[in-house]
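Shared between the two complexes below is subunit A, which has subunit B as its partner in the first and subunit C in the second.
So, the complex of A and B:
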């Protein structure tokens, strides 16, 4: 009888202090993620006519009117649900798919910001595109907290209009 | 990089990360110019970032911090290039490292040249 009560208590504690909060964080994280993706897709459609490439070749047949260095940067964090799952996966090893979405969001957002400043100068394309990812923010123990900074930069080119 | 975008203003340098300036010829080389800065946010903002990190998503305070740092580092590099008499900086590279909790070092470097 005693062991039965113990088991019930353990399960109850797990549900109350682990499963419920995790579900709560999962829902919150998912909500903000979906909202961000909607905005990303909407802006990506708007800037789809502005090509960017990591090569540094330009259209030699056209006259270059102006060039400018454009950058886009974003720092993105992860919610406790993701960090919890990641710490579990870390024990057994394997693909940590929960961190793929935040990184994808950060990269696409950084590119969009770069494109926004390129569009401000009416650029026709962005060449020599580069992207850096860096983990920022550590807790007191020096452990990374799942925060990454992404910076996207390149040279915006505006050709003379015919 | 708000103020670097107004490149057409007089006294602004041409900044690019390709190794030439299209349509212009490089007439003089001044070598490497660089700028670096280490910045941190005050404790309150760090705390707010910690709260935000509970929800996932963008940490605006840190984006702002790194934005300001990158701008300042670029300005230092530009000042150095101007002192040498250059009117363009080519082959610009950025590098970032986090040196302490809530602080980041930004290093920007490139080649100062004169184009005609």
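So, the complex of A and C:
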């Protein structure tokens, strides 16, 4: 009887102080994620006509008017829900699906920003496209903060107009 | 070569798992809880298995840092004539069969009603408990109860389990200062014995009391007084780790009847034989 009451208290404690806050953080994170995806899709449609490729070949038949290095970089943070679940998955192993969406958002956003700066110089295409990641989101000696950083860069080419 | 523009649709984004991360999170939490329970149970059984074979010298080595912690955070008091409590404890310990260990008692200033059996044969009594004691027999019962924990080595079992609790908490909460303070405040010093261990210690104490005084008078007096105050908030803490006093009284009375123990008259407690005025002035310090 007493141990039953203790079990109920433990479960209640867990729900109140762990599950409810986690759900709250999950909802907040989901809200910003959805908002970001709406913006990503809208801009991807807008810039879909601008070709970009990792190859270094250009259209030899046309005269190149100008070239420029274009970059896009983005840093996306995580929320306590993602960090908590990721740390738990890290105990038992398995895919950390909570960080898939932030990484996907960061990658697409970085490409979009690169394309945006290429569009500013009215480029016809981006060649030598590369992507990179770096670590700015680690405080010295502390816990990793679950921050996703992506840099996309390439050479924007503008051909001479006939 | 022609560039083909292609937009990623929601349902075909292979880089993001299609399921809800919240339900995936709940699933992994469940897995980790199961894992933690499994580890706790297995290691808990291991502790029970190993404890009887731990030599006293190891225990004394284990005791040193814990006793340091106790003396660093708590104040000793001599309001209750600790030397005479020690004498009583020694004569009780002499009556335990096959006992070669020496036990040491100390009294610390604490608002809780509690007594601790710590590694190395140290018994720590909280001053508030002694405030509630009315007769020497009651005190002997409390001391004998703690001796009972030593004899069945519950204090090491409790420590082993708190250590396990510490490891499991560490896994869940991380190696934070919160975990450490949890360990310091409740883990080590709050040996949470099971109800079975408490009843066994009560039974041991009753037999020892009868060996010492020749009768079992005063055995349940302390619990009767506690039972009368059980609605008071400062007892909540004590009751959370001990079986309800009423049940213990019943168990003690049952044992007394079964063994046909005599109930004789009790001796007054030694610090109360001093003049009342002096007693109140010293207890206010």
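Throughout what follows, the second predicted complex is superposed on the first by the 159 of 162 C-alpha atoms of A that agree within 3 Å, B and C clash if a C-alpha of one lies under 4 Å from a C-alpha of the other, contacts with A are read in each partner's own complex, and residues count from 1 in each chain.
The rule is simple: a residue touches a chain if its C-beta (ideal position, glycine included) is under 8 Å from a C-beta of that chain, and two chains touch if they have at least 3 such contacts.
All figures in this text were calculated on a predicted structure; none of them were measured in a lab.
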Clash-or-fit label for the pair subunit B, subunit C on subunit A:
fit
Who does A:67 touch here: subunit B (first), subunit C (second), both, or neither?
first
One more residue to check, A:79. First (subunit B), second (subunit C), both or neither?
first
Quick check for you: in the superposed arrangement, does A:136 touch first (subunit B), second (subunit C), both or neither?
first
Of the partners subunit B and subunit C, which touch A:22 in the superposed model: first, second, both, neither?
second
Quick one: is A:43 in contact with subunit B, with subunit C, with both, or with neither? Answer first, second, both or neither.
neither
Given the superposition on chain A, which partner contacts more residues in subunit A: subunit B or subunit C?
B
Tell me which partner A:58 touches in the superposition: subunit B (first), subunit C (second), both or neither.
first
Once chain A of both complexes is superposed, is A:158 in touch with subunit B (first), subunit C (second), both, or neither?
neither
Once superposed, minimum distance in angstrom between C-alpha atoms of subunit B and those of subunit C?
14
Of all the subunit A residues, which ones make contact with subunit B and with subunit C?
82
Contact residues on subunit C for subunit A in the complex?
1, 3, 5-8, 10, 13, 15-17, 19, 21-22, 24-26, 28-29, 31-32, 35, 171, 174, 195
Contact residues on subunit B for subunit A in the complex?
1, 4-5, 7-8, 14-19, 21-23, 49, 52-59, 62-63, 66-67, 70, 92-98, 101-102, 104
So in the complex, which bits of subunit A are touching subunit B?
25, 28-29, 32-33, 36, 56, 58, 63-64, 66-71, 73-80, 82, 102, 109, 117, 120-121, 127-128, 130, 132, 134-140, 145-147, 149, 151, 153-155, 157
Per the touch rule above, subunit A residues touching subunit C in the complex are 2, 19, 22-23, 26, 37, 41, 44-45, 48-49, 51-53, 55, 57, 81-82, 84-85, 87-89, 91-92, 94-95, 97-98, 100-101, 103-104, 107-108, 125, 143
